[in-house]
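I am attaching a structure below and will ask some questions about it afterwards.
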Amino acid sequence: MKYSFKNDYSEGCHPAILEALSRYNFDQQTGYGEDQYSLKAKELIRQKIKNDHADIYFVSGGTQANLLVISSVLRPYQSAVSASTGHILNNETGAIEATGHKVLSIETEDGKLRPEDIVPVLENHGNIPHQVMPKLIYISNSTELGTIYTLEELEKLSDFCRKNQLYLFMDGARLGHALTAEMNDLTLEKVAELTDIFYLGGTKNGALIGEAIIINNKDLQQDFGFNIKQKGALLAKGRLLGIQFLELMKNDLYFKLADHANQQAMKIKNALQERGVAFLSDTYTNQIFPVLDRHTIRVLSEKFEFYVWKKVDEDFSAIRLITSWNTPDEAVDDFIQSAGKVIR
Amino acid sequence: MKYSFKNDYSEGCHPAILEALSRYNFDQQTGYGEDQYSLKAKELIRQKIKNDHADIYFVSGGTQANLLVISSVLRPYQSAVSASTGHILNNETGAIEATGHKVLSIETEDGKLRPEDIVPVLENHGNIPHQVMPKLIYISNSTELGTIYTLEELEKLSDFCRKNQLYLFMDGARLGHALTAEMNDLTLEKVAELTDIFYLGGTKNGALIGEAIIINNKDLQQDFGFNIKQKGALLAKGRLLGIQFLELMKNDLYFKLADHANQQAMKIKNALQERGVAFLSDTYTNQIFPVLDRHTIRVLSEKFEFYVWKKVDEDFSAIRLITSWNTPDEAVDDFIQSAGKVIR
Amino acid sequence: MKYSFKNDYSEGCHPAILEALSRYNFDQQTGYGEDQYSLKAKELIRQKIKNDHADIYFVSGGTQANLLVISSVLRPYQSAVSASTGHILNNETGAIEATGHKVLSIETEDGKLRPEDIVPVLENHGNIPHQVMPKLIYISNSTELGTIYTLEELEKLSDFCRKNQLYLFMDGARLGHALTAEMNDLTLEKVAELTDIFYLGGTKNGALIGEAIIINNKDLQQDFGFNIKQKGALLAKGRLLGIQFLELMKNDLYFKLADHANQQAMKIKNALQERGVAFLSDTYTNQIFPVLDRHTIRVLSEKFEFYVWKKVDEDFSAIRLITSWNTPDEAVDDFIQSAGKVIR
Amino acid sequence: MKYSFKNDYSEGCHPAILEALSRYNFDQQTGYGEDQYSLKAKELIRQKIKNDHADIYFVSGGTQANLLVISSVLRPYQSAVSASTGHILNNETGAIEATGHKVLSIETEDGKLRPEDIVPVLENHGNIPHQVMPKLIYISNSTELGTIYTLEELEKLSDFCRKNQLYLFMDGARLGHALTAEMNDLTLEKVAELTDIFYLGGTKNGALIGEAIIINNKDLQQDFGFNIKQKGALLAKGRLLGIQFLELMKNDLYFKLADHANQQAMKIKNALQERGVAFLSDTYTNQIFPVLDRHTIRVLSEKFEFYVWKKVDEDFSAIRLITSWNTPDEAVDDFIQSAGKVIR
């Protein structure tokens, strides 16, 4: 059996979650997210972001969270704006458009948006009412390329959005990884303060399913629950989501798991860099993109699973390696050794 | 703590499911429903319905299943038709309309649709193109009132639909309870044969989440997976659904759990009937609607939770009691005794 | 050639409109509703309703106006409420649902809604967030049955809506006929004051196409123009709509045309009543529903076109006669004479 | 009063249309497109394209035609593909997305799509079911840049689409201008043969409103009329559209009008070229884009209205001049003279 570095959702969940599911299994609870575990988990999150007035909803996955947020926030003629690498643009089968909204794309090198990227989009959408109104800025942290936002970058972007009456929405499917990355200077509290709405991803960080949507902007809180039910995202047994986030939030398990994933990735990155390997982008989270020659890729793929991400030239391609909360040292060491033997 | 008869999703899941989740937890699997457990569970279902060519998809809940099926099957100008008690009409926040489709309502006594109920709807929608085209017949089994379809009723309805080029879709959120009811003469195989598409509900029968959508009509199979992703219903860790259905399908656990729920309801029903209590409808599944006087309701509600469903006259109301796969004998006995003491 | 009483859109338009179209034909004008004629026509309407701040948009037809207004005003989880006879429920191919919104139906005798009809709908939609939120009350004046609202009725309804935070929207496809009916005590000014949004129908009152949407509620004015473009309702040559409304508004041509249609209907009504004919409903606008025996209907249908509306018993049916701005005295007299000869 | 070269919809309509509207004005006709004029106009179009089995529908405008066609043809998870200059991408307020469909954009120089442009889009959308399925190729002829398709180009594209099970849809808002352009070798018959669906634009070629949607592919014909009603595009007085197309189709008035517009543009183009003026693109239809210096633009804009289209360098910009069926020789001559005096 090959070890897979293809993604961070190949295994089940952290054992503490399974234990908690068993522990509480026979307690009768109110359905649809009103269970005690969900209420407590939300309370813990509110404490962490130091905002008593945040509205919090647990849903199953990232695409669901994205379509719920965007369709709830926008009026029919308003559009989202995303980096061209954005998950909503490429990997969600038109989920946003299916709710009626255009997503405007901005080409960027590193998967991040800056005010200067957005200015031309606003300028090119002034032919009222013949064009959509750009209204929500969608960013991912960490991004689809593994990069992260600095505090300064997020502050500038947040400031820009407020001045231009744009909503700032952060896709946090891998927010844990971003906030525990080596170069990170953001905090969960700052993310909550600087965005209008964001989510904290569980699925890619040790949960079976689950993303916690956190709405800071009071204008966007009203009636959000209706949309969750209408889009088929309200679980009868909301306890399944509540228990998981309760465990993840306790003792910062959430951040410990993300940190583990990052460290395993960094071990491989450092080892490869020492061997002179170049990387497609300079990342500090659990996604790395080493550029390897064809022979090396072929040999490594005999023992490991991973995606060949992008052809660089005739001989070299970048591969994508993703580590997870559960990636064992053995797999990491094995990969490093195997690579060491073959890299020319 | 009061014992709740409010619904069949108050507890977690059958322990066998938790055990299986733990057993397989660290096995790496392909994501998005391509895991080994999902594939095996689908194989088991195909065997049970004796149809190798059925397409099967696992999704999280009933509203999600309903909106996925209906929006996938219908063209923009086509509508669904439902009994006025239908879940899609009353309890899904307009989820079907949110995908663009009208739901036509038919008043019925017992929550079931018969060809003679549908004929006038077809006759009243002949003003082409000024009216929607009725195209999909939505039925629930068991219904929202706890009633069930007989084989003969389903055969007639199926025959009518085929003659009129209508799709027949069965909401099986409580199909287990229907198929194990005392008066039932339908089988899962017959359901699959007589409908174009239906689903087998897990959430209300011992799973944490999960409904198995089964597409028998080949015309409706094409590209269904795209809709699941687009509507945010495709879980990265599809294993969560696969493992649950694998356990439920093994050794007919699914039907044993439903049978237990039904029997517990029937014990209460029989005991109350012996005391002369009338019922709102004559049901044989896990939903019963005894008609009790105000005093009895007040006394019982001190020890038990349940919904007061419908006022019958000044003194009497029907309450709704729902039992589940996990309802213990003690709760049933306690309810019967408590009722016995107070019923006048 | 038989004379048709089937509807009020069988002919072209009032000659004054054709003359104006010719008169202004070669003047170059700004497109998309910013032409001089549209601006002047809007000014005239604002004067008539005595509201300088009303936003006014001209669109092509009634279904278009209805779907534009409702989809613009409602949030995704909110629904419209209509009398069961409402045009949006029966004759628009699910146009409202196609924009994502459910329409709740209320059975009424005369096609009108009163607060007491709406109260139960509000009471039955309290299961948040499992049900849509009723938010917009849709009424027609005159209704699809030819009946009209009195000032007192509209005041009560308006008051009820404001107290319950509901929007009141009047479909005025035949508002001219309502406001010029014999028993009417409403004015255009009062309609504007008592509704949040309404439209003034041109298509059924002497225009080629055209409905004037008038938005009084400032909250609903914002960005309405985007929706018009997005739904394909913004005409490049907006002058076509502007010129028509300019002519209709000048010298109250609009009301004179509607009055003519009403008077022609009343002549037939009175003549038939004198012959002892009963009517399905007591109407004073350009739609009348005399109840005639089969023989009479057969004989009349040899010379005239009309719809047989509703079977009353084995021998008698109600027919629908609609008169228009252009119905000549000869046709009316001929019908009365022909009927007189045959009515038993 | 300045003469406007801003667009081809500044005036009313060709006088023959007004005459016909007057001539037929008092004839009673069936509504909703079943009038005699519409039926005859469709017959004339079928003769011109030599296809007795084409389905034809008249609608009001281009955005309406585009959203109707695309939302009718595509399944929810399928997308349209357009050149980046496409009207549906930039100038329709997200009308296509509002019906639930993504539009994929392809960068092109001249506003035209070729098979080799589309291949990479197909290749990049193979991650089933995580991406939309490209299914409909949207092209404009003439394009938004004034360029046109040759017979060979359209044949290759059509062939490519059929081989790849893609629908080919031509936006013909300015199809008349394309087919009468100097360099054109396409015919209306060939357009009908090589596309699945296209429309013939009236609004920009002498009608008040009106586009004729022509469906050649039988699979796409079914039930199209329902969509027209549902989207609010079905006019009660369909005669307004029918009469216009009847006049335009008679004696090839449609093509004569387009030819006039083209010739007026070519006169200006030739005169400016003789003065050494460069053009942004080499066009032969009624849109031209001369590159002029700031001084020239300022002087010309004192007498004429036009859009400054694109800055070329510090001193020079391209302006857009559009001529129409009604552009008089005087305006053309005056422009040429005025330009001649000032061009350096």
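Every chain is named by a letter (A, B, C and D) in the order it is written, and numbering of its residues begins at 1.
The rule we apply is simple: contacts are C-beta pairs under 8 Å (C-beta built on N, C-alpha and C of every residue); 3 or more make two chains touch, one makes a residue touch a chain.
These figures come from a predicted structure and were not determined experimentally.
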| item | value |
| --- | --- |
| Interface residue overlap between copies chain C and chain D, same or different (over half shared) | same |
| Relative to chain B, chain with the most remote C-alpha centre | D |
| Centre-of-Cα separation between chain D and chain A, whole angstrom | 43 |
| Centre distance in Å when chain A and chain B are each reduced to the mean of their C-alpha atoms | 34 |
| Residue list for chain A, restricted to those that touch at least two other chains | 76-77, 92-94, 98, 100, 129-130, 132, 226, 229-230, 234 |
| Residues of chain D touching chain A in the complex | 76-77, 79, 90-94, 97-103, 105, 127, 129-132 |
| Chain A partner contacts - residues on chain B that touch it in the complex | 1, 3-4, 7, 9-13, 15, 18, 21-22, 24-31, 60-68, 92-95, 98, 203-204, 208-209, 226, 229-237, 239-240, 326 |
| Complex interface listing, chain A residues touching chain C | 32, 71-72, 75-77, 100, 128-130, 132-133, 223, 225-230, 234 |
